[in-house]
Every structure is written in C-alpha cells, then in structure tokens.
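Labels run A, B, C, D, E and F following the written order; every chain starts at residue 1.
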Amino acid sequence: MKLGIVVNEGPYTHQASDSAYQFAKAAIDKGHEVFRVFFYHDGVNNGTRLTVPPQDERNIQKNWTELAAQSNVDLVVCIAAAQRRGILDENEAKRQGKDADNIAPGFRISGLGQLIEAGIEADRLVTFGD
Amino acid sequence: MAMDEAGGAPGAAKKFLYVNRKAPYGTIYALESLEVVLIGAAFEQDVQLAFLDDGVYQIVKNQSTDAIGAKNFSPTYKALGDYEVTKLYVEAEALEERGLTADDLMEITFEDEDDDWAEKPSINIVSRADMAKIMSEQDVILSF
Amino acid sequence: MATLHTVNKSPFERSSFISALNHTVPGDKVLMIEDGVISARKGNTFADLVSSALSDCSVYVLAPDLAARGIAEGDLVEGVQTIDYGGFVDLVAECDRTQSWL
Amino acid sequence: MATLHTVNKSPFERSSFISALNHTVPGDKVLMIEDGVISARKGNTFADLVSSALSDCSVYVLAPDLAARGIAEGDLVEGVQTIDYGGFVDLVAECDRTQSWL
Amino acid sequence: MAMDEAGGAPGAAKKFLYVNRKAPYGTIYALESLEVVLIGAAFEQDVQLAFLDDGVYQIVKNQSTDAIGAKNFSPTYKALGDYEVTKLYVEAEALEERGLTADDLMEITFEDEDDDWAEKPSINIVSRADMAKIMSEQDVILSF
Amino acid sequence: MKLGIVVNEGPYTHQASDSAYQFAKAAIDKGHEVFRVFFYHDGVNNGTRLTVPPQDERNIQKNWTELAAQSNVDLVVCIAAAQRRGILDENEAKRQGKDADNIAPGFRISGLGQLIEAGIEADRLVTFGD
C-alpha cells in the first residue's frame, strides 16, 4: 500500500517523531511504500541539522535523513509552520533576509498543499502527535 | 493543480474530515488546522469540519485577543463559505458539558448555489452518536 | 503560608485541574490561565468542583484569557474573581510559592 | 469499513482516551500507543472501560510501549491484544481509515 | 560555587520540590526533570522529589526501551542516593488508581551517614493529603 | 521583589511563552525585578533568531529580545535542552562542528545550574509550560 505519515511534534520532547519513524520502518519492511512524511506544527523542528543529541541517545534527525535516502521517502516540512518556528533552507533564508539556514539533508520545505495531496494520493494516512 | 497527479481518478473526490478538539489560543492547533482547511479548499475534495470536546470553543462568539497579544483568527471561520467549506459539524454533548448553547456560537453561513444563492447556516449541531457515524464515513481524517 | 496554584489547561482536556484542587490546603489560591479558564464558566461539568474549591480557597481567572475564549465575566461561576496580568503578579508576590500544574 | 483509532495519551492525563471510545462504531479497532498503554493495565481506574469497549471493538496495545513503561503482558486487561510496530502497520492496512486522537 | 552569590545567607538551604506528574518516554519531561535534579544536587539545597499522577510510572521496575529506540534512563533513579537525593515521595492514591503497588516500584535506597551508613529506602509512600502538606512546606516548586 | 521565570515550551505552539512575557512585563511595570528567564525543554526554541512569523502576528523572539535590552533581563537557554533541539550560539556551533548557529540577540546559552540558582536567588519562581 501507499502510506502517508504526518508528524506534528518536534524531536525528543514528544514520542511522536520516534513512533512515526518506527512505524515507517516497519511499513517499509513489510513491503509498503511510505511515499511522504509531512512535518507540521512543531514537527517542522525534526528538520533542523543543528541538533546535537547526547552520544548515547538516538539521533532523530539522522534517522529520518537516512530513511529518506535508503527508501526514497519524501520528507516535507510545512513552510508556514517552519517560518513561525525558525526552520529555513538556503532559499528561504535569502528570501527572508536571514543570515543562516538550518534545514537537514533529505528534508525539503514546501506548502500545505503537500499534506492535502498526501491525503489524496495515499491509501492510508497516519498522524503522530502530542 | 495537484489533482492531476493524484492517485484517484479526476473528479473522484475524497471525503476529508478535519477534527478539531482543542480550544483556541492555548495552543496553535486550531489556527494551523484552519490554515490547512483554507489551502485544502483549492483541492476540490469533499470537506467537512468536526468540532468536539474543547474544539467547540474555536467557534464561540466574542473572542477578543487584544490583551493576550495574539491575533484573533475567529473571523476566518465566517469566511469559510467563500471557500466552499460549508459543512461544520458541532457535537451537541460537547456544547452542553461546557455550559454552552448554539446561541454562543458565531453565525457561520454560506450561499447555496443550488438554491438561488440563499444564505444558509454552515453549522450543524449533531449528537455524539451521529458524530461517530460521520467519522466512520470518511476517507481521510486529519486531527488537530 | 499560602501557595498559588496555576492551572493552564481545560479540565475537559487534562487532569491537571483536578490534581491541583486535590492538592490545595485551606487558604491557598488557585488561578486559571490560558485554556484553564474554561473550568470557570457557569453551567459546565466542572462548575460544582470550582464552587467547592471556593469553600476554603480563593479562585481567580485571568481576564485576558477569558476574553480570548469569548467568556463574559457574567458567565462565571459565582465567587470566582477576575484579574489581569498585574493581578497575577500581585498574587505571586502575596503567596509564598507558586506551583504550576503543568 | 472499520476505523483504526489510535490513542497515545494516558487516560489519567487526557480525555482523548474517553473521547475515542465515545466515538467508535461497532467493529472498529482501538490501538493504545505511547503513554496510551497505561489504560490497559489491569486494576486501573479505566480498566472497566477498556473491558466494555471490547464488547464491540477490538483493543490493542503496542508491546514496545508497554515494555518501556514496565507493564508485563500478563498485567493487561483480559482480551486486550499486544502487537508490535509491524502489527500496527497491518492494522492500518486492514482498516479503511486511521483516526489519531491527539 | 554559586551559593556565594545567592540571596540567602550561606548555609540557609532552600526547600526544593521537584514535582513529577508525567509518564516517561511519551514525553521528555521525566528525563529532563532528572537532569535538573542531578545538576541541582551540587547546590546543597534541601531537595525532595514528588511522584504523583502518571509520574509514578517513572520509577516502576522492569522498564525496557530497546524496541522504542529511546534510552532507558530509569537506572539513574537508583543512583540518586549517591547524589544525596534521598527523599522521594510517592502518592499512594496515584499508585492505587493505576493498579500499581509499592512492589511495582524500583528499589531506590541510600546509605544513611548519620546511622553508620545503613542502607535505607529513599521512597516514602504518602497519602494525597500528606502530599498536599509536603507541597505547602516548600520554598521552590519545579514542575515537570 | 526579585522574580525568576521558567518557560518550558517553544514559541507559537503553546501559549506559555506569551503568558510568561505578559507576566514579565506586568511585573516590571509594578516595580518588581525580573532578573532571569530560564528557557528549558522546548522553551529553548524561543531563542532562535530564524523565525519569520506572519506580518500581522506578534514576534515572540523580538518581544523577549527587546524586554531583555530594556529591562536588563537575563535570558538563559539551557545548553543540554538546546543541544537536543538545535539551538546553538557561535561558540557551541564551532565546538560541535556545526556550520551555522541560530541564537537570537539577548539570549545566552548556559547550564542547568542557572535554573537552580534562579530558584535560590529569586523571592518567587514562576513556571509557564504546556
């Protein structure tokens, strides 16, 4: 099946991102296609490359980045939610006159239409949040 | 529009339900839910909004946010009709438990193009059992 | 030696309201802020609990948060007092400690 | 045409557990994940509600989340089934839609 | 140490209560509360920990987090005695409501230097009324 | 009085940071000293300078930065919490081998001891969170 996933909370604070990642891995292991993970609300904070988790802890951002590369998962960060929370790619930083960006590899910033589209295209959409 | 790339055949609209269970302002979920609804309206799906639990507070009258320093986004609900979002289901039990009645809610209406553009209420008060039934008939449920 | 207890969530969503009321001692003050103000509307399921709390505590709601949620001062459970942010500061100063029921 | 309802919070902390159970229709499936697994421990205040839900729904808990919270499978309300992430995926695929009670 | 700059006279320790009301792993509050307790131990204040509501799950036995991919931090509670954090209050009603008993909790002990380093339990099960009283006797309450 | 404030949630998602800001302003207006605001948990996300809120919305980061400048408030972001969530200053970025930093003016990164110290030094400590 074609599965879409929505992640509404940031890394570490809530289990949402971890649960979504474990679910995505299990789905891929079972032969399903996870074609998109949409990061909304504080979920956009999963997409910063600036996290430095303790060495004995999981690295949530790297987990997602690697999953995207290995299994061709589209990691989309909502642009409106990202602007409120300070997640920018190089283009956005330039456009907004900011002197730095922080998007992690494998993530892309796009509009809310990508969430609706995920709902339309996916056979099933599963949301993880607070 | 993205519809052309969609899995379903063009014209085969999916039933989307936006479930709103949280009060406005204490958290951003109500506002960011509304932002999805507005963007989603362009996709010509069959859209419904559910208000239950504290979500009913999103559409109460007389919200005034000057003193908390946040933007009052409640007028946007009144504009939903212009986006052809016309089906808002409000759970009767949720109102009653909170000491609220239908009169405490904003007037949210739409102009019915199939009925000579007559102005009609968008809000439908439904029982909890009916809300459960509505939920069971969706293709996609987005929870906020 | 009073404690100021702040409750910032609706009693319909979270248990922090109940937990706060269960841990007051006589003379304490309870302040509802943010979504917590929903408990103070008359006729709601938790209105009787608010009234009971008034027997040995003072109960306040933050007016700016009430207004944001469309609740008029006339809609409040009897005995609940409204204050603004300045009144919140005064309560913090008057009480010996503040406990936030997060 | 079953719905999979996921509940990720403890019934002691949030109302989402009750709200989910109040909005199932017969034949639906309910899955407790994350802190939601707390509702499935036998002898807890909400155990009877879980048992009642079993009369017309299937109820599951995510084993990895149970283990993290020190709850053994033998400690569960009778009739509740444990699954792993793969089982979660299967439930999503079997049901027509998933509703997350956030 | 920072005590020299503190408002109170040196040696006039304040009573600090850490209030833990949330289950571990679902959110990070339990772990980050523990991190404050460990750092705070160096400040030689009068430290107490309260476990009520779902917070009692922080100190249950047999936590195993391999399958969720998070670090199991429960062993750290057992080390609190080494940091001279020896007063852990657990609410009896909170245990009972969750179908738990004192036997479901980890053994957390300290060596009492005033009693020939005898090993004693750090956990004290108290009633809800006593917990309220304990809260009412603090200088600083940190909530997690 | 000498007041300390703790903020446990990030900007926009929860009202905590707004409530804390309104409280701090009111306290200062009444002649109290707000000597420190400690940002913990997701609260560290208040300290990024990369947010771009909608033009008709409040700018929470700027509000704090201005308050710090006007009223000499010490805005402390917890280092351990900040590392997990990707909030870095220039030194931290260098130390961690990161290619960008995102700390906002008026905020500083420091240890959890600053929270304990706030509890010791303040006449009253007030916490805002989820």
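By definition in this document, a contact is a pair of C-beta atoms (placed from the backbone, for glycine too) under 8 Å apart; a residue touches a chain by one contact, two chains touch by 3 or more.
Since the model is a prediction, treat every value here as computed from it, not as a measurement.
Asks: Chain by chain, through touching neighbours only, how many steps does the shortest route from chain D to chain F take?
Replies: The fewest touching-chain steps linking chain D to chain F number 2.
Asks: By count of C-beta pairs in contact, what is the leading chain pair?
Replies: A-F
Asks: What's the call on chain A versus chain F, same or different interface residues, using the half cut on shared numbers?
Replies: Same-residue interface.
Asks: With centres defined by CA atoms only, which chain is the most remote from chain A?
Replies: Looking at centroid distances, C is the chain farthest away.
Asks: Report, in whole Å, the distance between the mean C-alpha point of chain B and the mean C-alpha point of chain E.
Replies: 44
Asks: Using Cα averages as centroids, what's the distance between chain A and chain F in whole Å?
Replies: Between these chains, centre-to-centre, one finds 26 Å.
Asks: Where the centres are mean C-alpha positions, what is the separation of chain C from chain D, in Å?
Replies: The separation of the two C-alpha centroids amounts to 33 Å.
Asks: Where in chain F do residues touch at least two different other chains?
Replies: Residues 12-13, 15, 19, 22, 41, 54, 57, 84, 123, 125, 127, 129 of chain F touch two or more partner chains.
Asks: Using the touch rule from the top of the page, what residues of chain B touch 2 or more other chains?
Replies: 25-28, 53, 68, 70, 139-141, 143
Asks: Tell me, which residues of chain C touch at least two other chains?
Replies: Within chain C, residues 8, 12-13, 15, 34-35, 64, 84, 97-98, 100, 102 contact more than one other chain.
Asks: Between which chains is there touch?
Replies: A-B, A-D, A-E, A-F, B-C, B-D, B-F, C-D, C-E, C-F, D-E, E-F
Asks: Flag every residue of chain D that touches chain A in the complex, lowest number first.
Replies: 6, 8, 33-35, 64, 84-86, 88-90, 92-93, 95, 97-98, 100, 102
Asks: Where on chain B is chain D touching in the complex?
Replies: Touch residues, chain B against chain D: 19, 21, 52-53, 128, 131-133, 135-136, 138-141, 143-144.
Asks: Please output the residues of chain F touching chain B within their complex, sorted ascending.
Replies: Touch list, chain F to chain B: 12-15, 18-19, 21-22, 54, 56-58.
Asks: Please name which positions on chain C make contact with chain D in the complex.
Replies: 12-15
Asks: Report the residues of chain A in contact with chain F in the complex, numbered from low to high.
Replies: 10-13, 41-42, 45, 48-54, 57, 61, 83-88, 92-93, 96, 98, 100-102
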